[in-house]
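By written order: A, B and C. Residues from 1 in each chain.
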Amino acid sequence: MDNKIAAVTMRNITKRFGPVLANDRVWLNIYRGEILALLGENGSGKTTLMNMLSGIYFPDEGEIAIDGRPVVIRSPKDAFDLGIGMIHQHFKLVDVLTAAENIVLGLEGKLDLKAASKRIREICGAYGFEVDPEQKIYDMSVSQKQTVEIVKVLYRGADILILDEPTAVLTPQETDKLFAVLRNMRDDGKAIVIITHKMHEVEALSDRVAILRHGQFIGDMPTKMTNAQEMTNMMVGHAVTLNIKRPDPVDPKPRIEVKDLTVRDIEGTVKLDRVSFTACSGEILGIAGISGSGQKELLESIAGLQPVESGSISYIGDDGRREELIGKDPLAIKELGVALSFVPEDRLGMGLVGNMDLGNNMMLRSYRSGRGLFTNRRDPYKLAHEMVDFLEISTPSVETPVRRLSGGNVQKVLVGREIANAPSVLLTAYAVRGLDINSSYLIYDTINAQKMRGVAVVYVGEDLDVLLELSDRILVLCGGRVSGIVPGRGAKKRDVGMMMTKLGGNAHEQ
Amino acid sequence: MFDFITFIPRAVMQGIPLLFGSTGETLTEKSGNLNLGIPGIMYVGGICGVIGSFFYEAGKSAAEMNAFLAILIPLLCCLLGSLLMGLLYCFLTVTLRANQNVTGLALTTFGVGFGNFFGGSLIKLSGSELPSIILTNTSNIFRRHLAVGDSTGAFGKLFLSYGFLAYLAVLIALAAARVLNRTRTGLHLRAVGESPNTADAAGVNVSRYKYAATCIGSMIAGLGGLYYVMDYASGMWTNNAFGDRGWLAIALVIFTVWRPNVGVLASFLFGGLYILHMYIPSGMNLAVKELYKMAPYVVTIVVLVLSSMRNKRENQPPASLGLPYFREER
Amino acid sequence: MNNKKRSPLFHVAKRAALPWYKSWAIRGGAVLLALLACGLITTLVTGEDPIAVYVSMWEGSFGTSRRFWVLLQNIAMLLCVSLAVTPAFRMRCWNLGGEGQALIGCLAAAACMIRLSGKLPNALVIACMCVASILAGAVWAGIPALFKAKYNTNETLFTLMMNYVATQLVAYYCVVWENPKGSGQIGIINPNSQIGWFPVVGGQKYLLNILVVAVVCVLMHIYLNYSKHGYEIAVVGESERTARYVGIKVERVIVRTMLLSGALCGLAGLLLVGSTNHTLTPTLVEGRGFTAVMVAWLAKFNPVWMILTSLLLVFLSRGAGEIATNFGLNQSFGDILTGVILFFIIGSEFFINYQIKLTKGAGKED
């Protein structure tokens, strides 16, 4: 195998986004007749690396060769011409067109949908896809849409296929089907790369695995020669000491009780499956999990933004009164006297209004408190001034639209506003994503201060090191189910990592 | 008994300008451009044709006129005028990404003013006593139809009694439907109107499609103005006579749920509704005729509401209708 | 796709917000350029000295005190409809139905004047007119709003169609209430008894309208910028998700705002019938519903700036009308000039929102 000419050779690839080093001198070979699993945590640079192969990004440094021949890939069209096709996580399909119409979109020559359908059926027959060329995209399930994307790439003659977390949106049965198809394609001599962070998929599907961590290439080896434990170690690395303060919980009492919570999205996919846990006052409950394991739905269910299929979410007040939160919108929850704050993942699309200034954004939570018909404008601006001083927000003025602030400052505005109305429950999603070290520590300190006030904090995070040092308890989600709840003190990074990829982690294997 | 044999040809002739307008507007909207300038463009199309033939016809008797030139000159003038209007709309909304509603309305203000201004000037030039220009000779050429149309009774009256522009309108509508649904150009155009991002990623030149669809659509709509003057109104231009037919054409687009082939019959239906009052014994009540004129708009609203309630995806407006496309915002 | 490899000479990028004086300088420049172009066009068409053209333009608006009052009245009515459509626009809901909503307000007012005359005392008739027109306008906007909120029906097209339903409805009643019989027109309503005529304030026929609209303008400014409703409108317009996140009921805000929009259009109709014209025709609103869209948009939906933009548009159309009269052109010349000026201003927005950057070197992603 080592003597074969690689279908793709990436040498010394470096890519920066501003100050962030997304890929740092990465070397990677991709061979025909082989399925390569590109493994790494969120933010390890897997997708960036593959985007450079498919013409979305252009590398800052390094070279790419196809079949040993150096090439320059500047656009998706260039990539197609070289036989490279990538299936992105977000499908690029026109809803009201049929599968066949989407597949031939952008090609040239006379439109002959019959001939196209015939070829599509041939491709489907050859690899075992099930696509009806005449079906409209809006009638399709997510997995069917994904199949259309794959066929689209094959139709254009791609023989190097890259799939970015293709199973994230699929049910286990659909995943099995996809894997069968991918194996067929491998046997047909195509080179296949699958980006993933799920260990069992690597083991089930791939011939070879390459691991990235923090933008760097860690190593590659034949899948047969390794095991889940070794791969996890390579993926997460050794625990790093961050020295985040973790004061002892203050008089923890149950505050939010979630029982058998089940949530489906619009398409009917189960996002949360009988999730139960209790969040206590005066402690931080960390939520760990691969992205898309149901974290968003969990927080939005508690905040009253997500329709719930079944289960219950109770709020228990200091005086012992219980309030059911399901079926209530944010306003109704507020009117119950439940001071619930929520720092959502989508800061400018949900938590804040980008075109409004700091003061107006402060007002989002408090505008109803004004007298009579009018908003109280003085207090929010006063609050904005305080916030700028207290959280060291760098902004020209409180009249600056938040869209024009840097990511870290936007987050400070959001967090600041959410803690300003003395919450008893604080939900945060990826509170430090995209923030520099100093801002991150400021946010940790702020969250800890809330905990000391007796607030029940639910902290959804993606960096395991942080979760391990910040949380009093860690709830691990895997595919919408609770994989386990472990105490934050003394938890092992590897164990939590295993629980993220497999229900119950190692416990099941033993 | 209701006299269908006289009613239907009248309805068809009423419907033809609407058909031109709605075919043009459908093409335009399929590219994601909501061109509310169509009423103005139809005025411009009409008056440009009038200007062309006015100067050709001036001082010539019917016998001196070359039938070919008499048709070609107004036709070219009309197409040129409406093309320029379409280009202006595209430049503002596609290249400069201005708001489509505002641009369209400004274009209508401009176009109607343009039509009435030059109409008025020509009337003055011609020294006519009436507030109108009459281009009988040109009109007679435009209105020529096959001789068999008169000798074949009801059949001839229903199908063969129209000028060539009427048949052209039907042909263009059917061709537009075919292009939209059966060709690669149509596929790309629909993709541009639905999701310019996706089309762009697939290598379709979004701006080029928007320009082409809007300009061709404008020229087709302009022909509606020309037909109205030269054929329907027998070559008589009177200021404001064209009325609100441009808006009716936009209504027709919604009514046909963006299908030009449906537009053929639907435009005759609209034309019929427009003149129905003349054929229904309303007990001498003139007021009722105004209510009949309301009918096309009411049925359009009903169609719009029903299609949004049923939420069938094919019957919705193109998804990016009215939105400017800027690649770097994706 | 080969051309993509050669990097283009320039590319267009979104600008960070310009300071307000710069953006208004660009708009002012566009207006000046447009005026130059208009002068040029007029000179070409008429062969007159361009200065004379501008002079007659000025005369058209400010020449006599009567003209000046007409100017103010026209500004007031245009501003009223513009203020009416603004809340909806701020919510990114394109209410193109101002024309119909105002016209239906006219109809309601005229109906009260005709049907209640002689049955109720004058003061009560006027009260009924006020209530009826405002309600009628609100209903006319409320119908599309309900469907928009419930089924997401396209409000641009719906409100547009409602205009013509209103026009035909008015045309119908114009014949029903025709006076004298057979004229097909209503003529001046209650010419002798003057029932339903609004009182003349301060000896100036138009002063009442101007005062009412001035009050509406101030109130609208306060409503949009300082009230809870105004704040909710802004949030819904910017991001429905954020609105839901803070517990705003988006559907309710849509319907409420459109009702307000329609009610104010109804008020404009009321003023047109009760105070200015005392009659009803299908073209009574004179396209102000459409012009209002441009007035509001040009002023960036700011009620105070709208005074200026409506002044600009009214000034133009009256000035152009005067040019037409003085140089023997027909009145439609004004529409052409208005159109030209609008094109300039619309185009100038591009230079406020975007900037053209020269590309430095190649190799950047497209």
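Throughout what follows, contacts are C-beta pairs under 8 Å (C-beta built on N, C-alpha and C of every residue); 3 or more make two chains touch, one makes a residue touch a chain.
Since we're looking at a predicted model, the values are computed, not measured.
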Highest contact count belongs to chain pair B-C
Taking each chain's centre as the mean of its CA atoms, the one lying farthest from the centre of chain B is chain A
Most central chain, judged by mean Cα position vs. mean of all protein Cα atoms, is C
The distance between the C-alpha centres of chain B and chain C, rounded to whole Å, is 27
Whole-angstrom distance, CA centroid of chain A to CA centroid of chain B, is 50
Distance between the CA centroids of chain A and chain C (whole Å) is 47
Where chain C touches two or more other chains simultaneously, the residues are 1, 366
Touching at least 2 other chains, the residues of chain A are 77
Residue ranges of chain B touching at least 2 other chains are 203
Contacts from chain C onto chain A in the complex sit at residues 1, 4-5, 16-17, 226-232, 234-235, 238-239, 241-242, 244-249, 363-366
In the complex, the residues of chain A that touch chain B are 76-77, 92-97, 101, 104-111, 136, 138
So, in the complex, the side of chain B touching chain A is made of residues 182-184, 186-188, 190-191, 194-195, 197-199, 201-204, 313-314, 316, 319
Listed in rising order, the residues of chain A that touch chain C in the complex are 56-58, 74-75, 77-78, 303-305, 329-334, 342, 344, 346, 349-356, 360, 363-365, 367-368, 370, 373-375, 377, 401, 404
In the complex, chain B touches chain C at residues 34, 36, 88, 91-92, 96-99, 101-103, 105-117, 120-121, 203, 239, 244, 247-248, 250-251, 254, 286-288, 290-291, 293-294, 297-298, 300-301, 304-305, 308-309, 311, 317, 321-322, 326-329
